[in-house]
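The letters A, B, C and D name the chains in turn, as written, and every chain counts its residues from 1.
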Amino acid sequence: MTKQLNVTIWNEHRHEHKNPKVAEIYPNGIHGAIGEGLESEFHVRYATLDMPEHGLTEEVLNATDVLLWWGHMAHNEVEETIVERVYQRVLQGMGLIVLHSGHFSKIFKKLMGTGCDLKWREANDKERLWVVSPGHPIAEGIGEYIELEQEEMYGEHFDIPEPDELVFVSWFTGGEVFRSGCCYHRGMGKVFYFRPGHETYPTYYNEQVRRVIYNAVNWAKPSTRSYPAYGNAKPLEKLN
Amino acid sequence: MTKQLNVTIWNEHRHEHKNPKVAEIYPNGIHGAIGEGLESEFHVRYATLDMPEHGLTEEVLNATDVLLWWGHMAHNEVEETIVERVYQRVLQGMGLIVLHSGHFSKIFKKLMGTGCDLKWREANDKERLWVVSPGHPIAEGIGEYIELEQEEMYGEHFDIPEPDELVFVSWFTGGEVFRSGCCYHRGMGKVFYFRPGHETYPTYYNEQVRRVIYNAVNWAKPSTRSYPAYGNAKPLEKLN
Amino acid sequence: MTKQLNVTIWNEHRHEHKNPKVAEIYPNGIHGAIGEGLESEFHVRYATLDMPEHGLTEEVLNATDVLLWWGHMAHNEVEETIVERVYQRVLQGMGLIVLHSGHFSKIFKKLMGTGCDLKWREANDKERLWVVSPGHPIAEGIGEYIELEQEEMYGEHFDIPEPDELVFVSWFTGGEVFRSGCCYHRGMGKVFYFRPGHETYPTYYNEQVRRVIYNAVNWAKPSTRSYPAYGNAKPLEKLN
Amino acid sequence: MTKQLNVTIWNEHRHEHKNPKVAEIYPNGIHGAIGEGLESEFHVRYATLDMPEHGLTEEVLNATDVLLWWGHMAHNEVEETIVERVYQRVLQGMGLIVLHSGHFSKIFKKLMGTGCDLKWREANDKERLWVVSPGHPIAEGIGEYIELEQEEMYGEHFDIPEPDELVFVSWFTGGEVFRSGCCYHRGMGKVFYFRPGHETYPTYYNEQVRRVIYNAVNWAKPSTRSYPAYGNAKPLEKLN
């Protein structure tokens, strides 16, 4: 199989420099670990916050079929012009996969139209992500649930619009649940939010997590249709 | 306030006769306990499996705005003609609230178009029903979650169509989650599935559970519009 | 019945001053005509673009249960701080009904997360708004369809997220269709978009259009639940 | 590309024998014309009402990835055991594409849980199927709309559950609209309803119609996941 999709993995890439524990788990960055799981199947490129234009130039985005987004401590440093650029590309068809703490990124909030807030706890909860849509392409190759021995807890209420398709619901030891795999359509583009991936756990080395991300890239691939024609329509026709 | 809605509570009413534990918890039947929580607000009537026509005559159903359904061990004894009668009434606008083991009733399966199967365990799990749709009228008066100290566990995958609106998601001690408050539209009618209510627990005395059922009755009340006109349409008009 | 809901009708109120035809049709403003249809049932107040803070002070919004929004030629003059204020109130539960050309307002685009563009034509198309959700409370009192002899045409593709509930679909003489009655949930709030109402037609005097807006106000009324608790959750509990 | 999907086209195949006009348009049957558009890409087999077991033996269905269904005048002659067999296969993952008058087939009504009725008129209406979900895989290769010079009219209200994804909405000359491309998930299976295809018009030779059916087959292909485990769950675990 030839590699047909161009994937860009965007990572804030700050925790890896500030927290030795994170650096130890992710010596090549969170983006590096995610990319390791995708490189055999897709053309993968990387972009980080501290690159010029955060690595998301017009050229890069125009050559991107699906963009992955991991951010946490520096959401506010992402420039509005770049957010707007990504937003327009999604409406035009680029897929977007938002990971874990990316729920609070500017781009996700802009696409959702809600606050995207939630409950959280860092206490080594066990997480089980149950498949609630068993025939969904994003659940291909996944068992009844994915179990992660230790993760940060995210709990409801998760302030998002009702997902167009809900694929996973998480259970946590401490008594919480969370809609952890959520599909949306925005313009021509597809958006998938996937919960796991706290920086202090080796989540992105987990084979099942990697499979979900791989599936999501395929699901989110752009349509080949041209962008709809908006604005002043043709004059009134006689059709009857 | 005058009582404006006519509610019929249907109960299989078999466990109460066969299991002394159930008889002790529900001396007036499961239907009696549910009705106790509704009688101050609605006109309530009762119907059970062993009544003629299961208590669901044309006359009763035509005078019913919202029907509640609890059944478990005798789903197969419900006659097809009665199932069809209830089905037609729902399509014409009668609300239907299906409780707990009613997930496997003929009427629920017929309205869903799926198998409606699930996982279960009787082991005194604790259940937390989290509100995931905080502005929904069925969640009025309910806190972040309803906690039930002991309940039967129901777990995903729950073989239902994706709910039109998902109001509650349950957490269970044993590691499972469940979509436990699910809204559907069928024809002119509204259908709400609500999970809790195993016969060996006093769930229907719980004030929060009663509040949800009360809210659901109000949500499911029939429209006053007339049934749509189907079939051969008017001749082609000149409209342009 | 006491008037229980506080409705604020926001109108840009510019066309009425610039176009004599509009002034003739709506001598009391578009907001005045809309309000005429609601005043017997609700506490109605009015706000317009040229009032201080566009008439939408904290005090006014905090006392508003449901806000109606009509704007067209001056969307860009609406200040960001007011848009943000309305947005936060919707997430906290205030209902919002967006009318006609309000599809391109800042507040609607912010809540949708899409471009909200569409096709349009000013050519006296006839419009038929067909009810596709016959049991929906917003369709109460409405026949199979609402016919408007002359309206501006709006056609697909309409760049919105898939509606949570689709109530009306419009037919136009010139060969177009449009999703013209769309329900959304955002945070604790409910949002309804309703298509008709071009400024050069007397649409807001139409009894069926007024009935839909009346129904929508009732549907969009705020929940009494308190705003969800977000952020750092309780410590890990022993629940098993 | 190797042909990877097994498609079975089921046709009632009665109109072709009874109405010379239909026989003239579809000399190889409606199924033949549909199959002509699919044979280069998929393994296609055919089944008709008058074959033993309607051509839908266990063997055939077990070897079918996606089933297409065209029926009209003889819905009642389809045996319940075959309907049940197809139903179970859909829940287990087989895709199902229901065409035109198949809206009234036993299998579609059983999967929908509604009456599936609609308005109709045979008067050579022009139909335009507008794409309302521009990034959807079923709309690949399709322009803004598909125009069919002459078709039977189907109008709202169409008595179906709200589609999980709505891809097409039809406009008809006579003033009606119709949700004409509707996606559903049932169990592990995917169901697509596609409106056009009255037996007296050459609709299934239309290249755009054929493209939609081709896309729908790809969209509806089965998951490789195993069927969910239902029933009595594992004993209560200590997870905390």
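To be clear about the criterion, a residue touches a chain if its C-beta (ideal position, glycine included) is under 8 Å from a C-beta of that chain, and two chains touch if they have at least 3 such contacts.
The UniProt protein names, listed by chain, are A, B, C, D = Trehalose utilization protein ThuA.
Because the structure is predicted, anything quoted here is derived from the model rather than measured.
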*Chains in simultaneous contact with chain C and chain D*: A, B
*When B-C is set beside B-D, which has more C-beta pairs in contact?*
B-D
*Which chain lies the greatest distance away from chain A when centres are computed from Cα atoms alone?*
B
*Please report how many Å separate the Cα centroid of chain B from that of chain D, as a whole number.*
31
_Overlap residues in chain B, where contacts from two or more other chains coincide_ = 131, 133-134, 144, 155, 157, 162, 164-165, 173-176, 185, 187, 228-229, 236-237, 239-240
*Within the complex, which stretch of chain B touches chain D?*
91, 110-115, 117-121, 123-125, 153, 155, 157, 159, 161-162, 164, 173-176, 184-187, 228-237, 239
*Partner chain D, residues of chain C touching it in the complex*: 128, 130-134, 144, 155-158, 162, 165-166, 169-172, 175-177, 179, 236-240
*In their shared complex, at which residues does chain A touch chain D?*
93, 126, 131, 133-137, 139-142, 144, 164-165, 173-174, 185, 187-190, 222-225, 227-229, 239-240
